[in-house]
């Protein structure tokens, strides 16, 4: 199957950035597009949930949260071989959390092939963003003398932009249902993919601006950023099989596990673990893991899913 | 015109500090503050303001010398070690000294 | 009938704002969406007018302007019981003028039920915005020594953003007609409602930031902001019946009368009546009347309209 | 045929600007819309090229580049009658280069009448933007002692925003082909014309702000800005006939020749030929030639094309 | 380098004042001005710059002491009573004194 | 609090100069710079910041007097003749002098 055109937009941005083009999208456009994507993903999930929700989802959400926590601790353990506690904890939080855009590209990948997935995957996306951030801060502070403003942290994490928009979209989609949402679909559904393409153009530019810092961050981080997604995607598939997800759902859970946060996590860690070096985590998460997942990971995870699910 | 001497304290730092910093500034006795979006370069690389995490702010406070000292000391202790930031103080004159 | 999903977006923004989420839409998005809404409303009205305009509309416009003036004076008289002249005049100008977004939600309310309305309602929206502002300034300055730069005020009011875009849209829709506008409809018509939903998300956030000031503004203002829309909607229905409007048109005129400005009026009053306290008028208009109309007023005015019009 | 509604939007902006309305679109919206237009034009051309490309296009591109160079030199020769070398060279670069928006209005003009054009016209647009800028700088520096940073200039010109987005769009459209691009068409194709209308509203406002400088720039510049497009459109038609283009393609090449840059050229000239007065070139290019082409030039060039092509 | 002493007058105020204030500044003798969008907090609450009516501007004028005094006096009389605003004056040096 | 004297050099100019100017500033010895979007008016008309070519920037550099002089001299020679710009220098105090 040829490359998804939205990925071509990412490559265009990456190329323009690396060639030091003066192309720069306005910051307000970037923020507006991310608001749009979050609402659209939420709405879609909410509408699907309204039709298909079953009580078993509550259990599944618990399992998925546990997966996020486990991934964070695992990443931390791996990173501690080489890095100081604060840096290891901060990077672990990025990798235990998820990337909304990688998820969106994953759904686009499925849509191109007409493969369905369980509606609760959107819910999983929403609930997996936060726990890793709290675990990351705990790992950084264990045994440390420094006090953490847990209340403020919880507030920031739970009421951060992406959680509010994802959860809000889910709720609105759920309440309004398919017929209620219909009048909104020309924007949130029909334009989803082209808007994603614009967003990925910008992501390419941003990724290019982070690649320079990779050289300074060393081989260990580089290997971590490329190998851990592979490992985590397998763990995601394992949990998916325990939960009895379909091939499409299992693939998306693998994508979630393999993806790393580059919006919520950097902001939360910068405030809660300020002594960690943000250049390190961004170089790994945004400079390597994000493009790797987009270009190689997504087709790979799908191949593995097909192998196991026999799809 | 009669101007009353005050200090103008300016901090340029990562945008992520906006909420805690402005909270601290008011807690330490300033009557107000002004924030402006900025980009820039320094020892920790270039901030192009292309996306949320790549942005600086420039915070300006007019206050008495003691308040300026308190803010500067607090910033030096709590933020300067971990964040790329610049702080400088200058002299200005204001018309209505009671406001600051 | 279930809640219009666009109203759910308002509630999401309101909730996020009250919970002090860090959700914040870029100011440029807010301004872009408002430009869009004004043009879209204007175009739609213009296309309809091109088909249906009759000379009687000139008379109707006169009556509607008179209604706006009367509402302003009435509001002023009520407010003077408790407030200083400047504050009373400024708030009166807000309530004699109209809210474009409330009107838009009103049209969305009708559209969901497949109810038509006269095309000139859009024209009424455009002409009702201004007169109240001028009357408000006159009320503030009657007998006062302060000179008013009437020329500059008239210029600002007549060439303000919303009048230019609404009137410009009307004119373009009128000139181009339905067939000419067709190629523009995928944006201005098909996306109208979802864009309105995004705008209302932002309005919810803004409203939440104004609610705090309500406590300080006192009971009188609170009662005014909730009761006057009821009264004014009835006066709007009265004029609608004199003008022989259909149920849909009458309902929208009631919405216009009941709605209060929070864009054009604050800006104009701040310059022309600077001694009025802007926190007072915004708390009333944006903090109370706007959400009240959205959540309770619109269904209520429609129920009353049905009662009288037998629809 | 009645006026294209997108042109009405231009007139609305122009009128609002001249009447000193406070209407102002956010700068981020302007920049976002221009990004959109460039990508959309590129994608459309790329998809068409993928279907129809023939090796003869390489030759045609060469001819079109030569046309751009020739127009720049010709404009320079005319301007040197009255202007200093730097000013003449800078303005010549504007007129040898092209205006993306004028091209877009030209394609909209053809679309309204259902007239096709060769896909390589988009390619011509992309390649005609740059050569004039380099020739302009050479003309300014011939015999001059000042050194030019050619490397930096070439970089800026070749990797400027519009070239990257147009060429990137072409490439993506070419690679993905019609079926691959389909999922993106609700944004880039269906919304092209209405987005163009919003953009032209802004262009009207900007043009109005430049008209004031026309008075100071003198009669010679005024005559140049209105007559040279006529001349250049004929030269464009001549080359089009040599290349064997259809009526639609010939018309668009005439539009390209007659149009003048107001984005890439001002930026490049300001840096590379700083002693040239930017007010002069913008008054001509943006204040006169752009509106002239929009309002009178496009129908005129089409009439002439029909006369010669017998369409 | 030879710098000529001038005054740098800065006003932070509601965005709605941009047009009248810049008009007045030029009328009172300033040769130019620079405006920047700002947000901030003070005695009249917080301006978050989230929408048109919730925004500050920061206006900067380099001028002679007399012009600065004229502007300050005018602002104190015409705007300070009704608008939340801050005005302060500092000393700077410029290279081409004729421009200001 | 102990402040160390530095110069605060500010340049307001056309946005198109951002890349070359910040390059030059660092080449001439400054350790950093801060850029802010601005609009304004002066001898060469009004910049409304409505579109890319109609925008100013305001560049701020904290540095030693010699670096400030070098930048000012360079700007006066290379940019002032052809570009509408304003440059001024003031005195400020910083806490960590080694950073500038």
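Each chain gets a letter, A, B, C, D, E and F, in the order it is written, and its residues are counted from 1.
What we mean here is this: contacts are C-beta pairs under 8 Å (C-beta built on N, C-alpha and C of every residue); 3 or more make two chains touch, one makes a residue touch a chain.
For clarity, every value in this text was computed on a predicted model and none was experimentally measured.
Looking at chain B and chain C, the chains that touch each of them are A, E. In a homomeric contact, the two copies may use the same or different surfaces; for chain E and chain F, under half of the interface residue numbers are shared, pointing to different surfaces. Chain centres here are means of the Cα atoms, and by that rule the chain farthest away from chain F is C. With centres defined by CA atoms alone, the chain at the far end from chain A is E. Chain A and chain E have Cα centroids lying 45 Å from one another. Inter-chain spacing, taken between the CA centroids of chain A and chain B, is 34 Å. Between chain B and chain E, the centres computed from C-alpha atoms are 19 Å apart. Shared interface positions of chain D, defined as residues touching 2 or more other chains, are 22, 24-28, 31, 186. In chain F, the positions touching at least two other chains are 36-37, 90-91. Taken as a contact graph, with one node per protein chain and an edge wherever two chains touch, the assembly fits none of the named shapes, being neither a line, a ring, a star nor a complete graph. Listed by chain label, the pairs that touch are A-B, A-C, A-D, B-E, B-F, C-D, C-E, D-F, E-F. Chain contact summary for the complex, chain B toward chain A: residues 14, 16, 20, 44-45, 48-55, 79, 81-83.
Residues 1, 3, 6, 8, 22, 26, 31-37, 62, 90-96, 99 of chain F touch chain B in their complex.
Across the complex, chain A meets chain D through its residues 2-3, 5-6, 8-9, 12, 15-16, 19-29, 111-112, 186, 190-191, 193-195, 197-198, 201.
Within the complex, the chain B residues that touch chain F are 10, 12, 36-43, 56, 58, 68-69, 72-73, 76, 80, 86-91. If you check the complex, the residues on chain A that touch chain B are 24-25, 27, 30-31, 202, 205-206, 209, 213, 262-263, 266-267, 270-271, 274-275, 278-279, 282.
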